[in-house]
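My questions all concern the structure below.
Going in written order, the chains are labelled A, B and C, and every chain counts its residues from 1.
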Amino acid sequence: MTAAGSPALNTAARPTEGGRRLSLSWLGVAPFFVYVGLFLLLPTAIVVVGSMTAPGGGFSLTNFAGINKPYMVKAFSLSLSVSAVSAVAGAFFGAVLAYAVVTGNPRGLLRRSIMSASGVLAQFGGVALAFAFIATISTVGFVTVFLKDHGIDIYANGVWLYDAPGITLIYVYFQIPLMVLVFLPALDGIRPQWREATESLGGSTWHYWRYVAGPLLAPAFLGCTLLLFANAFSAYATIAALLTNGGVYVPLQIQALLTSETEQSQPGLAQALAVAMILIVVIVMTLYTLLQRRTTRWLR
Amino acid sequence: MGSETARGHAGVEVRMEQLSRRYGPVVALNELTLTMAPGELVALLGPSGCGKTTALRLVAGLEEANSGRVVFGGKDVTGLPASKRDVGMVFQAYSLFPHMTALQNVAFGLTLRRKTADERRRRAGEMLELVGLSGFADRYASQLSGGQQQRVALARALAIEPTVLLLDEPLSALDAKVRSRLRDEIRRVQLDVGITTLFVTHDQEEALAIADRVGVMQSGHLEQLGPPTEIYARPATPFVAEFVGLTNRLPGEVKNGAVEVRGARLPLVQPDAPQGPAIALVRPEAVSLATDGAMSDGPLVGTVIAVAFLGATSRVTVDLGDLTVIAQMPTSTAASTPAGTRVRLDLRNDPVLIAREEKASVDA
Amino acid sequence: MNRSRRLKLRIFRIVVLLLMGAFFLLPIGAMLEFSTRGNSVISPRTLDAWVLIAQTPGLVKGIVTSLQLAVITSLGMLALLLPTMVWVRLRLPQISRIVEFICLLPLTVPAIALVVGLKPLYIWININVTPSVLALSFAYLILVLPYSYRSLDAGLAAIDLKTLSEAARSLGAGWITVMWRIVIPNMPSAILNAGLLSVALVLGEYTVASLLNFQNLQVEVAYVGLTNAPTSTAVAVGALVLAFVLLMVLTLVGGRLQQQNYIPGQRA
């Protein structure tokens, strides 16, 4: 301590000690980052890089030109429109159902059962969903037969179950529960004092919804609708199970490319489609996150 | 402070006649009758579940009474919903609309009444000035402290020039320091505007500090109604005596029109009380300490175990062996009996209330 | 609230709940009806299709495989995620936002898009590591990350992790002891929630399995459905009811709010 050389020894010891402790901390999270890097970031990178790799190697965007073909444009417009319609319908009916649930006993059996059921149905495997609707309204389905026995033929103008209207209806079946799950917390955040304050200030029910509840819930409603859109757009299993002959939806195009023997001719196209899908979903989810932030600020 | 236009109605008489409210088998309010003079501030005080908030909500029109009437200045409003009664209300929490600025909140009632933008801005600005928040017009609720939010809520309630102002435990969710400052603010504003006001609270200090009259409630009915001094100094029932202020419970026996407590004989508020064992309710200010004279073991002789300094007065806790008694006196007097001193208790010869059951203390 | 408004609300609720209930129970009822149909229109109800489940080797194999995958994925997720989250909270709070971002990242990558990048990776795994279907757990762990993270995060936020771990360490406990005896026993419902959500996701997963040419439950159900629809439907509705019962048990036992359940393309 008093020798001239010791302070130098002491200071020399410290950085190493600190450095060792610091690197040990990072070691603790290494498994997580390695795993995620390998199974999430690497595949994503493969897709992104592959989409911009020309057939013979080297950087190129020609793969994306494949999106411009008429049948591909049709696939995108169909996917986008079915997603949009099912999102809006699911959001509307889901919000109504959520309102009916949230106005009941918060700890009651009804609310808990509906939340559990929503959790299950929102995750309802696409295959099971396809079978459910085949069992219900296919040409030999329970409802179809029942209505036919009573003189109503829902397929008088052709079978629409496998067209856009049918797919949209099926999607609505899991969009509504999803809406209940993600929109209900916002409804929960509406305080009864705001309603009573509006009343005491002379406002009617219409005033309340127009000036208070409406504006407060608008960001949440819009955000949840976007979430539903992304959900429908990314869906694969239902249409894969239902449209066994392939179909004009973007996920099925990817399926066709991945399973075809002639994949060699357009190796980068599947990746280009995947990147396009990711881009669309990322944009929608970013908007959703921004709207959610506004919602939690007001309705925490 | 406060312009001419701040004065809304010059105060209106508010009458509650035999108001009752039941929730199934539970009687929340039992035939409450109470008349509030124009411009008066009446505080309803009581523990949770006593019916004070129910009474307020019936006056507001947020709930319907099972029977009884509510009358504003001679006009029966019992059948009217809240939106038609012209009341101003301040809630305990979540008062403000989170998506509006302070100014927009205050102007909201005016928006509903289709005032022009200029009128709204002017009146809302006046109201914010009245509560001392002129510079905060563009702030949102999340940018305001709890006390500031309640002031904005008050401004919002008054902006529409209501007939009566209703405050539902407005200070309960705030810090202690903010609470005492804000309650004086509320009183100042209320006097300035001259509006008849009903103030509900479970904090007796608040009620006694700002009300013209205090109504102490328990289990749906009014135990006593009167000015704060009367409630405190001359409680009508044991419940009031124990809920308002501190009380010593001294076991004794009623004999011949007085109660004998540990050798002392005290007159009774109700001289015709039945004989037998009873508990005398004695205020700490009625207890004084003597250090002279007989210090041998008597029923009123004990040791000081704590002295609590409260500013001008102090509270001295005396251990009598089987009982603890609290005495309150000027601090200068308390200085002569620090902890450890052997003292004899002197009970002032004021009439006392008695309680019969050995029940647990009332929750305040 | 006055009486007329209360009445209007009650009518509204009854109408909505009845209509929605009918809408949602109808397909499920139809599945039960379909899977119990007799041979002809006038035949009585039969459980033949259900009995056939046990006699269809593909389905049995699919059930077993998916159950194994569910267990491996849940345990793997807990083993990877929980220590990491605890570690970040205690030692590296500055990267907690990065970890959160990564865990929620799978929400923005549709499964159908991810599988395009997984395919070359799994070709390599097939040759160099194992061709077993259980290798799917690697990908599934990623898919369950968002829900598990949210659930465990809520559970960790509810306990005072710093104080508890410091107290344990000062008494001489090693990290494994802290995890096993301090952290885990103090967040049972969050762990249960994360586990059950993972199980539900894995049991219903189709996209990744089918496109990587693995046979799990849903793939088998779809395949068998081409030739024997009633039996496949029986499996589908059985799994659905099972999942519902599990989640109801969870809400009754756990008592916490349901987490938001969403992943693009994963469910349908």
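A few remarks follow.
The criterion applied here is as follows: a residue touches a chain if its C-beta (ideal position, glycine included) is under 8 Å from a C-beta of that chain, and two chains touch if they have at least 3 such contacts.
Keep in mind the model is a prediction, meaning the values are calculated, not measured.
The chain with its C-alpha centre at the largest distance from the centre of chain A is B. The interface with the greater count of contacting C-beta pairs, when B-C is set against A-C, is A-C. For this pair, chain A with chain B, the centres built from the Cα atoms lie 54 Å apart. Centroid to centroid, with C-alpha atoms defining each point, chain B and chain C lie 55 Å apart. Chain geometry summary: the mean Cα position of chain A and that of chain C are 15 Å apart. Touching two or more other chains at once are residues 62, 81 of chain B.
Touching chain C in their complex are the following residues of chain B: 62-64, 81. The touching residues of chain C, when paired with chain B in their complex, are 1-3.
Of all residues in chain A, only 25-26, 28-29, 31-32, 35-36, 39-40, 42-47, 50, 93, 96-97, 99-100, 103-104, 110, 112-113, 115-129, 131-136, 141-143, 171, 173-174, 176-178, 181-182, 185, 205, 227, 230-231, 233-238, 240-241, 244, 251, 254-255, 258-259, 270-271, 273-275, 277-278, 281-282, 285 touch chain C in the complex they form. Per the touch definition, chain C reaches chain A in the complex via residues 5, 9, 12-13, 16-17, 20, 23-24, 26-31, 33-35, 80-81, 83-84, 87-88, 91-92, 95, 99, 102, 105-121, 138-139, 141-142, 145, 200-201, 203-207, 210-211, 218, 221-222, 225-226, 229, 232-233, 236-237, 239-240, 243-244, 247-248, 250-252, 257-258, 260-262, 264-268.
Within the complex formed with chain B, the chain A residues making contact are 191, 193-194, 196-204, 207, 211-212, 215-216, 297-299.
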